[in-house]
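The following blocks contain the structures, represented as structure tokens.
Each of the two complexes below includes chain A, the first together with chain B, the second together with chain C.
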Partner chain A sequence: MEVRAYIIRRVLLIIPVLVGVSLIVFAILALFSPEQRAAAFITDIRQLRDIRGVIRSHGLDAPVYVQYFNWLKEVFHGNLGWSKTAQRPVLTAFFYFLPNTVELALFSAPLVILVGIWLGTISAVHQGKLIDHLTRTGAIVGWSLPTFWFGLLLLMIFYGYFRGLLPPEALGTQAGLLVRSEAFTRYTHINTLDALLNGNFFIFFDALRHLILPVITLTVVQCAMVMRIMRSSMLEALAKGYIATARAKGADEKTVVRKHARRNAMIPVITVSGYLFALLIQGVVITETIFNRKGLGWWWARAAVNLDVPAVLGSVIFSALIFVITNLIVDLLYAYVDPRVRLG
Partner chain B sequence: MTEKILEIKELKTNFYTYEGVVKALDGIQLEVNQGETVGLVGETGCGKSVTSLSILRLILPPGRIEKGKIIFKLKQQSRFKDNYVDLLSQSEKFMRTIRGNEISMIFQEASSALNPVYTVDEQISESFLLHQKSQLYQEAIREIDQEINQARISWKKRTLGLEKTIFQALLNNQTSLPAKILGFLPGGWKYRGRIKRQARKKSIEILAQLGIANPENIVDRYPHELSGGMQQRVVIAMALACNPNLLIADEPTSNLDVTIQAQILDLIRDLKRKFKSSVLFITHDLGVVAEMCDRVAVMYAGNICEIAEVKELFRNPLHPYTKALLNAVPRGGKTKLESIEGNVPNLINPPSGCRFHPRCALALSVCSQVNPPLLERAKEHFLACHYYGEKNK
Partner chain C sequence: MNFFSLSSKGKWEDLKKATRPRLKELKFSFNRIRKSPLSLVGFSLIILFALIALMAPYLAPPKYPHNPYQIPRYGYSATPKPPSQTNFFGTTEGQYDIYYGVVWGTRTAFRIGFMVVGTILLIGIILGSISGYYGGVVDEIIMRVVDTFMSLPTLILAMALVTALGHSLDNVMKALIIVGWPAYARLIRGDILSVREEQYVEAARAVGCSDFFIITKHVLPNAIYPLLIMASLDIGAMVLTAAALSFLGLGAPVGYADWGQMISFARNWIVGPPGNPLAYWYTVAIPGLFILLFVLGWNLLGDAFRDILDPKLRRR
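Right, the complex of A and B next:
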């Protein structure tokens, strides 16, 4: 009951957050002159002659707050505008690009959590041994690599020297055609999942092959971070009195580490997972752009470069929404794992 | 008539640190008889906790038990002669059946001794689940039998019957295939649930035996929801869960306020009588020793320097260090060990011979060369000091 009231309160809080986010975006837009913003609507060089007309027809010369309320009005009619980079309405484009990104996140997030926690635990349990030094060095390297740089490095290696082994984009040509054919039912638009549901292993492995490099690029930084936090909190937990108590009770080392220490050591990892998620969104933009994988990040990057205002607005609002929801989930999870935390 | 349940012989424990080898225990001799409370006193850092951890073989790297014998009498029938076993020569696996079952330990700080993310029930039950599986299975089977008798519908009887066969298989062989499958099978929760309910019943029982009001309520709380005194009671319940032969209490009342301290001490005394276990009581509070213990061992810098019955020790202390300790105690008021001249020796380069000689007013020339052996100088009164031998020549 208490939990439900908490969730309702948090969900209602999303509204002011979204309003705030949209206000910030409009404030940034106000920094541009009407002419600069009009440039975004010009698709043909001949329109330049009538730039005033373009400005007027899109209401770009009105005061910012008027533009803001016009935009709000449209939003309430379910119209987020036309994205010229996607050549689709923003909402449609969002759902068009979403599956590729969800697929990437679906493979990356569990990998980050499992590998990060696993390596952190191992390295803490074997503190000072070779395996600890190796994982720690790995984590420092992984953490210091900028995502774009690491992605480009992989790109260079795998497209330059091992051509065709791990190709870019989301699917190969042949698989792409198959996916679009009549015989293939698109249940979720997530390639790997649909391939399994259709029982088509050729497409499944092709999609998987295309996922490897983006997933590695996306996870390496976060894995390193989770691992480092996990290691230090695990070391802290292992030195606690309750660990000695567990050993004195006759529990074996596996139980001591997994049941008594790890549950406690997970708490700091959960607290930073909201931040991890922000990193993920940031990483998705870079990764999808590098590997030419047509997902939300790819679209957002192009929209930003091409001053596709409705798309940028939409994307900022979408990511704010996702961010708020993830934070809610993180808080609930936090309260579940740590009984000392009270929701409120 | 008194039966030894613990006999420590020549126990040496070192810690291999970067600064050097910490010679924490330098040949400890100590005995605990059945049903007796032995106090272990000494200044901070003299090796009391290391002694207790060595008994349970819980010395972790960089520490190592170098040599010695820890002879312990098991409560259950076993393959060992007269049930005496040298713990130092046993496997780690064997030690796990000892810890929490035959020998239990209460640690210095109650607040950190409980795991913050598990309920009281989960923590006490763990002891039963670790050491009394077969009893739990038997009780589960008994419970199923009752349910079968009450069941009206035939299919229900049949599923209960199946459950019973599973528990019987588990009872016969705890590492059997069904046990392994139940360990990770999602459906196994039903059977695990029944066992956990049995363990929970026992947890409530033990809390009730400790005189805790409404244990059904306490059992579902998390440690942070309990007061310091209640936390310590839970720790004690956890330690006594499997009715151990020996309870090691390492300063069980430090960090508690005085009234709670008195309550906890009363509790331990009562329980000792009720459970008929022996207690090794570690403290640096001589007042508590006088109140709780039958015999006392005085420790200095990794050595036992004097052992005697409580009255005898207070009336007739023989070791210069013990005398200094007793003189340092203001009678009546605060009874803590403090302010003895000189510094606590560093255990990496301890003084040669008798480790107390730099601080000893009576030191002889032999004292800095030969470590005095622990000898029975009066009836049941053991002493490690050259001066006494010289004086009575």
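Right, the complex of A and C next:
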């Protein structure tokens, strides 16, 4: 009973947030002139020839609240305007750029969680020893690292010094041509996955080679955060009574750490995974820009620089939607793992 | 300090007596700092940067006194030049002097950090206090606004706001303020909710103290430590975000002393000429190192504050 009530309450809580997000996005839109705003309402670049007509027909000179509902109606019909940087309507562009970003996230997210938990555990188990000091210092330096600078340094070394060992962009020239050829079926548009499905290992390794640096760049900052959280919650868990009990009954140290302490210590990591996701989206903007990987982040950064209003608003809408949904999943998962939440 | 115990003859003695426990606590705090090498590093870094910022006119005398933040150029060639007698750290793309840029960029970084975090602290404390102390409809409205802002990734919202407001450093700061305050409001509200039920607050209310007096004298001092820790960590984080926005080309105008922009100058010079791939390392490494150390300093300081200020942790 309580579980259902909790879930319903949590899902209902999304509604005011989404209304709020729409108000924020509209407020940003309202900061632009009617001419700039017109771009957010068209689906085809040719409509811009009659910009006065667009302004009139979409009521861009009407009172604010009328405009808000007009705009909301367009958004619900999936019309987010025309993006000049992508040369496509915003919604189409979103699905066009999505696969490259998903690929990046697929490779970096598990790495963040695994490495972060591993390092955090080591650090806590060896509290006060050299390895603890090293990992802690590493974590705080990693957390302070400017992502864009770190990525450029990596490029300098692995692309410059080692003569193109790990190049930028998503695919090399040859692999890029092969991917677009008739012989290659693009199931998901995620390069590594498609290459495996096609059984083409040349493309697979080429895509992997292009992934290594962006994944490292994206991972370091988030890893530092997971590690720090894991360390403190692990220390807390190791001081609990059940650990002493486990030791007293003769369990070896490995079992105590892995089975008794670490499992309980992992709960706080779940709590912050929603926040990790926000870090991921932000990291993607910087990482894709540096490595010239044509994904969502690359598009959004270019849109912001080139005053591509519809794409910028789209970035806020998309990231908010994804973020809200992830947070919902995290909260429900958390309630499932930790009964105190749903009963409290 | 007890106001009523001050007698006319022994004011000085009373003052000494009253401040003694505080001095003891202060000494204890300094002891804690001295014993932790990482917090020492943090303090030294911040003091070093503060000195650089204060001494900027002497370390790097401005070429244009009316506009000292404009980095002087030594020619108009695109290719960066290595460190030399005239340019300690070399010149970056467009012959902007790197040494001058990083020195005056320190001032820019402090200004961004203090302005942004100071403002969001103020907004957060005011709205958070109102929300937590009064509760009810006001609380509900403020918290829903906070929820909304916190459901948007910081950088994306900041990017959108800067695009709408116009590309400039002032607008980057405005955007970061709009993005940053909700976390503080939520934190201070939670603290106030837990402090509000304490007996001493109830006692103050029973004596007839005004709401304003209770909030400023009883509630806030007991809820402020987590906020200060967060503020210290956030100065680093905000400077980092501002640098990222400048790097993307949304921040300072071209040639303004700003670390993020200096790294964006270096983007085309990652790979040197054949045979010397690391020829232009100084264009990337030096401004980046300044950002890293500045942010690291504030993060270490925040960690030190956490150990020192938090009454629950300090005696461990």
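Brief remarks on what is shown
Heads up, the rule we're going with is that the second predicted complex is superposed on the first by the 289 of 344 C-alpha atoms of A that agree within 3 Å, B and C clash if a C-alpha of one lies under 4 Å from a C-alpha of the other, contacts with A are read in each partner's own complex, and residues count from 1 in each chain.
Here, a residue touches a chain if its C-beta (ideal position, glycine included) is under 8 Å from a C-beta of that chain, and two chains touch if they have at least 3 such contacts.
Please read these numbers as outputs of a predicted model, since none were measured by experiment.
When the two complexes are overlaid on their common chain A, residue A:28 makes contact with chain C while staying clear of chain B.
By the touch criterion stated above, A:289 is placed in contact with chain C alone, chain B being left untouched. Once the two structures are superposed, chain B and chain C can be ranked by residues of chain A touched, with C on top. Once the two complexes are laid over each other on the shared chain, residue contacts for A:115 go to neither chain B nor chain C. Of the two partner chains placed by superposition, only chain B is touched by A:246; chain C is not. In the superposition on chain A, A:208 makes contact with neither chain B nor chain C.
Once the two complexes are overlaid on the shared chain, A:51 sits clear of chain B and of chain C alike.
Shared-chain residue A:338: touches chain B; no touch with chain C.
Contacts of chain A with chain B, set against its contacts with chain C after fitting on chain A, share not one residue. Against chain A, the residues of chain B that register as touching in their complex are 56, 58, 96-101, 104-105, 107-109, 111-119, 126-127, 130-131, 222, 224, 235, 238. Considering their complex, residues 240-242, 244-252, 260, 263-264, 337-340 of chain A touch chain B. Here chain A touches chain C in the complex through residues 13, 16-17, 20-21, 23-25, 28-29, 31-32, 136-137, 140-141, 143-149, 152-153, 155-156, 159-161, 163, 278, 281-282, 285-286, 289-290, 300-301, 303-305, 307, 309, 312-313, 315-316, 319-320, 323-324, 327, going by the rule given at the top. By the touch criterion stated above, chain C contacts chain A in their complex at residues 38, 144-145, 147-149, 151-157, 159-165, 167, 236, 240, 243-244, 247-250, 260, 263, 266-267, 270-272, 277-278, 281, 284-285, 287-288, 291-292, 295-296, 299-300, 303.
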